[in-house]
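The following blocks contain the structures, represented as structure tokens.
Look for chain A in each of the two complexes below; its partner is chain B in the first and chain C in the second.
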Partner chain A sequence: MTKVKRQTQGSTQTGSGLGAKLSLNKRIHSLVMRPDRLAGNVFLLPAVWVILSLAIFPLIISLYLSFSSFRFVKGGFELKFVGLANYEKLLTGTEKTRFLGVLANPSIFGWLVFIIIAVLLVISLVLYIRRGQLSAGGLFWRGLAAFVIGLVAWLLVRAIGPDGRPGTLIVTLIYVFIGILFQFLLGLGLAFLTAQSIPGRRFFRIVFFIPMMITPVGIAYLFRMLTDTTKGPFTVIWKMVGLIGFSWVNHPWGARAAVMLGDIWQWTPFMFILLLAALESQPIETFEAAIVDGASKWQIFRYISLPHILPVSVTIILIRMIEAFKIVDIPNVLTNGGPGTASESLALQSYMYWRALDLGGSSSVSYMLLITVTLVCMCYFNLIHRAVKENI
Partner chain B sequence: MEYVKKLVHWKLAIAFIVVVLATTLLGACAPAAKVGETAAPVEKETAAPPSEEAAPAAKPFEGVEVNILTFTGPQIAEPLQRRAPDFQALTGAKVNVVIVPFSDLYMKILTDMATGTNSYDAFVFSPQWMSDYIIPGYLEDLTDRVAADEALEWQDIAPFFRDFSASYEGKIWTIPLDGDFHMLYYRTDLLKEAGLNPPETWDDYLNIAKTFNGKDLNNDGKPDYGSAISKKRGAQAYWFIYDIAGSFIQSQGTGQGTFFNTKTFEPLVDNDAFAAALEVYKETTKYGPPDELNLDVGDTRGLFTSGRAALSLDWGDIGTLAIDPEISVVQDKVGAAILPGSTKVLDWDTGKLVDVNENTAPYAVNGVNHAPLAAYGGWSGAINAGADPKVKDAAYAFLSYMSQPAQANVDVTLGKTGFNPYRISQFENTELWVEAGMSQTAAENYLGAIKDSLESPNMVLDLRIPQNARYQQTVLDTAVSQFLAGELTTEQTMKQIYDGWEEITNELGRDVQLKAYLGGLGVEK
Partner chain C sequence: MKKPFRRKSIFSPSPAAMVLSYLVLGIWTLVVLFPLYWYIVTSIKLPIQVIRGPFYLPFVDFQPSLHAWRYIFTDLRNDTLRPYFNTVVISLISSTLALLIGMAAAYGLLRFNYRPRSGAILMFIGCIVLVIVAISLGMPWMLAVIAGIVLFIILLQTIGRRFKRSLGNNDIAFWMISTRILPPVVIVIPLYVLFQRIGLLDTKTALIITYLAVSLPIVVWLMRDYFTTIPIELEESATVDGASRYRIFFSIVLPLSAPGLVATFLLILVFNWNEYLLALFLTSSRAQTLPLTVAAQNATRGPQWWYMSVLILIMIIPVIAIAIVLERYIARGLLVGAVKE
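On to the complex of A and B.
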């Protein structure tokens, strides 16, 4: 206390000295202070302006477009307000089978999967409530996440069953989740490999990073060649396994797999490089201590490396997720969304509408994509991301 | 010290503002520079008179630069790029040919004009899209220029292309550079060996395709294919279904139409005729390459000219590509014919198929109703109304130059150009084709096939109504490719097309669309 007192005394002493000077230069003082107060706003303004003009205004305009129909009239064009018609078309109208897919009654296996998922969701909710750390936010996000996961599971078991057919929404979700799962596991594996002190690891670090630097269109053409069983470089191998008269892109799941392969090949390096950085940043002392204490390799991974890279992992998965929902170039070039609409993603569907001047339809698909991305990422962020951050 | 800090802040703020202002100004200068670019010819125009006096009328467009937009070739873009330097030597105008992928072309043209960017002065595109550009007033009316242009020899252009590809509501908007018809191609050597005649009906087509499928057709020891049709989504597949459907649906002459009922504008896709066409189309896939659903016309042309397919459907291109010794192993082994037809046609009242007779199909030949599809209508050049007047003159001069017989009559005989005959002189003068490398018989056969199609009173006109891209490139293309992939049954496919088309019609206005459709059908051939 005395210390503080002394300090304030000191400061008032010097303050009074300065105050005398200030009174002499009051006008200069206010002149100097004003820009200082404004500086913050001035510095912010360009950024705000850029964000408004490049992100917010287009967002609002495309929202309006999604409620309207576009056509040409003499001397220009006309935007007619049509209400929710574009959304109705996607969810219940003529484009339902393309957007959601053919939703058949689930098979027995489908029912089983759905019931298991539903029971697990209910159990997790009950457990959370019982734990006694209830908060409105926590309950809301858990409830929402359970609902979204349940809904996706219900759509999946109906669309992937024997009589169903997945639409662009489900295909996009498949691309995102299966793609990211493989990218993460492969990236982690490669990161561990190149983190070891083995010969040539610097070379391989660069080699593994290359796919990310290639343009997706180039990758799509590359995989178009690789998956061609009649002309591609793997023709000999296809012949050996008896697949010479087979075409990947003629089969719905073959086409989807080809798209996913390309996507995984391209984005594994992203996971790899960030996970490698996380692994390299581990303090060496804990390892040494663990080795001295006789920990096995698995124990070192489970109790030292994994907790260390977990925060980075959840963040890069979130970033990849947002990015992966927008997949468009690879299916567009590799399969044109075909056969039929089997490998079409939401972004590609939107692009195809736009290309034929259906601006309303294109915007409504984009908004459905935005809603999906927001829901999935919010649930992920609020549950997994936060839980990991809090636990560490 | 506090003051110094604040002053530093203030100075930083000023510096920042200056930087922001400078960038904004620079940004503003960028479009200004663009304006300057287009304005440059005007300046030069005013500065031109002395030089023009020095060399009277030598180079009327000295210093003018014309940007032309078309699709990623090599075809179509190739002749434009090849002849641009010659044109510059003649007139002084520099022509830049800018290319974009085919599926982006329609929107690229539209957005360039609609947003007032006007970075392109002329376009070489599908006349099918014309109405979407003309109604808002984006294209330049060429009627007077054409009337005053003797070198163009307008009357030499076949009437169909003058009226359908170039005109809209009585005015001329484009200069035809290409004539487009779908035709049938077959291997004369194979058919002769097997003692078969070229297919007259779609059943014949399937039989012949079946006969040759899996056999080695080019002596390389590998099995080849009976048929090769481009069925890739987002490419040209939606035209080929109408190659077949047309002959089942349209039997009373061109004015009857194929796509819609001319009274109610109801889509003619939910009937036995369309179902039959879908079945034929799907069956051709059995005799095609395994990845046929992912082949565009470039791929199928390659298969045919490399001797790997016995039959194919295509525009006039295979005919000229097949004589190119660099790419073709089937020189003088290629026959062309009018598209196969049907012995049953649609009764529009009942939606059922009936046998061909004098009443049901008055234009039938040997009991077969042919309905050749004027798919696409031929690449044509048009001018952006928003371009600078001098640039418009130069752009017109270039399009006219490309279409004049001296240039065009050579270009149509070259496979790489993608241009097919559209002038009367090109049909009549077989010498042109013999010079290009065809035998006299082959030339007569090839031109005969085009002539048969062009002169057919039952020719099918392509759809030219507002936003036809949505009808064809979105709804039809998607449904047909889903059908070929086995995602939809025949019934579901027809229903999906019907519902999709009706939805667009209801959105855009049935009366407007019907009027445009009838206007298109009323075109005199």
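On to the complex of A and C.
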């Protein structure tokens, strides 16, 4: 180990000597174009084969299921092709209020919010076009992102107003965005605090990781205990604020808040541990140089730490987004999706259909989820992820 | 070589900042540990003490009893220990494999240019669809798979050469992560059929393969980002010195990204450790894992909080132990002095 390291250090000298002659781009190019093509395949192909053999198959089968109706008959099951019927049911038919919600005309405040968002989107698009670095891809993804955000805002103001009622699609979006916002900010703050050299930081690091170690079903039951206003540990507090007869799970926003609390508690460690690893892998020289030059704490954060953790940050937000859209255990156990279907997520809706043996309905909800997540993630990936990667 | 993780951190806070830090850290510790405490007291309560209302302190509020612990370890005994053993074996093997395969792929995606032709991919998907249709029409599956592969190779050699458009590394990465988008509820039915056909249902192998495939995309994405932060100069100088790609990967890149490796491993380990829905379908008795045992405590008489608490407590102990062992590697120091401009 020591030997390797010394060797590396010695050879770094030659490397940077050489590096001074060539531009960075050329050097990367020369490294990439090294003629061991075989190595590239050895590195990548095992992963591709594993994912390919297990992921494509379910994807196609469930796509077919979403176009069919499934039922058990004597000695087996029967699949009947029904075309788009399952999707029609969700978007215009009997399941519309469950999936999309009750869409009322927005209130004046709702209109105001929507108009502000629309104006902002148009302004950002115009600014992008006038900046003069137009590219077909950039314009396409910006346009799509603006459209998706506008559509979501329009659904939101219509469903959240006094007469509306949000369906599973909107509730899921709310869970995802509010949850991730809090998880990221909390995780980032805690990672910074435990990256300091303070006594006991190893203790904190391990303790903060604990919520993720508990199985999601267990966490769901835990929050059922904690949010109980008569037998739970916080009964004293509920009594003090006069909530003794109140049940979280009987109030739509109470139930949603309880679900989000559980989700945030469970997933903050995810952000925490990955951001901590990113912070801890920063090269130390830059810090020392910055401190010698008299940089303030804020400057160190803004110009050294932040650029270093940005690539990891955008990736973990993407991964977390994909996982968060599938939230199912907590609403299932904690509120059972209730009251009514107020706290139901898309994945839970799919699960409910599936439990009722409506495999076609279950698959079609999942495909709607797939479409939503893909749209959101593609916009995110092509705008934010790429921009961050290229600027680093 | 000095032990890297003993080195002091870069941020040394002032006393005032220190007090504030401890305040915040203390609050969050309470937020995290209180639920854990509640599990512990619930596990030593009698059912009546749970149902009658909140009791906080053993010996003061209520008389503790070990009935739940006794039930789990003596009455259930093998029904606890076998799932326990299964969980350990399955999650350790699948996470280690996922880390090995995934980090190689991540490095490949970062340092090589891949150009899969889009025509070939379309033909591949077409062949899979044909195979599935053939199987559902009653063709023996072995025959259908072989016919599909042959058809794919023939197509690739003939028409495939005409398609010039190709995809890049980012597309491969995005495809990998996109396999995680579908909720487990829908992927589990096809998987069930698949494993039933090849006779792997209710075996540890089936779960290991599934968890491996499920956690690979996460490893690839996370490790790609941790590898990005390694200065490319190091690899170049090693190339100049004549080190092979594999040597560079194993003796330079991996040691330098130890914090990321450990964090990623811990993460997928807990994912696989706690996975519920896939295990529910792919196992029945022999390969059952612990999350199923926890969920089974929600009996017809309502949730058996006390048994559940015991199970959850014994479930997190090994993970905490692993985290304590591995945490020291999520610490700075290895990169110190590696690059001298």
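By definition in this document, the second predicted complex is superposed on the first by the 334 of 392 C-alpha atoms of A that agree within 3 Å, B and C clash if a C-alpha of one lies under 4 Å from a C-alpha of the other, contacts with A are read in each partner's own complex, and residues count from 1 in each chain.
We adopt the following convention: contacts are C-beta pairs under 8 Å (C-beta built on N, C-alpha and C of every residue); 3 or more make two chains touch, one makes a residue touch a chain.
Because the structure is predicted, anything quoted here is derived from the model rather than measured.
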Which superposed partner A:E88 touches (first chain B, second chain C, both, neither): neither
Contacts of A:T230 with chain B and chain C, given as first, second, both or neither: both
Touching partner for A:I316 - first (chain B), second (chain C), both, neither: second
Which superposed partner A:V42 touches (first chain B, second chain C, both, neither): both
Contacts of A:T374 with chain B and chain C, given as first, second, both or neither: second
Comparing the two partners chain B and chain C, which touches a greater set of residues in chain A: C
Chain B versus chain C as contact partner of A:Y221, first or second or both or neither: second
First (chain B), second (chain C), both or neither touched by A:A277: second
Set intersection of chain A contacts, chain C complex versus chain B complex: 32, 36, 39, 42-43, 46, 230, 354
Residue ranges of chain A touching chain C (in the complex, touch as defined): 1-2, 4-5, 7-9, 11-16, 18-19, 27-28, 31-32, 34, 36, 39-40, 42-44, 46-48, 50-51, 53-62, 64-65, 186, 189-190, 192-198, 201-202, 204-218, 221-222, 224-226, 230-233, 235-236, 265, 270, 273-274, 276-278, 280-285, 287, 308, 311-312, 315-316, 318-319, 322-323, 325-326, 328-329, 333, 346-347, 350-351, 354, 359, 362-363, 366, 369-370, 373-374, 377-378, 381, 386, 392
List of chain A residues in touch with chain B within their complex: 32-33, 35-36, 38-39, 42-43, 46, 69, 71-77, 82, 85, 89, 93-94, 97-98, 165, 228-230, 245-247, 249-250, 252, 332, 335-342, 352-358
Touching residues (chain side chain B, partner chain A) in the complex: 3, 6-7, 9-10, 12-13, 16-17, 20, 103-104, 106-107, 110, 114, 132, 135-137, 232-235, 289-294, 466-467, 469-470, 473-474, 478, 481-488, 496, 499-500, 503, 507-508
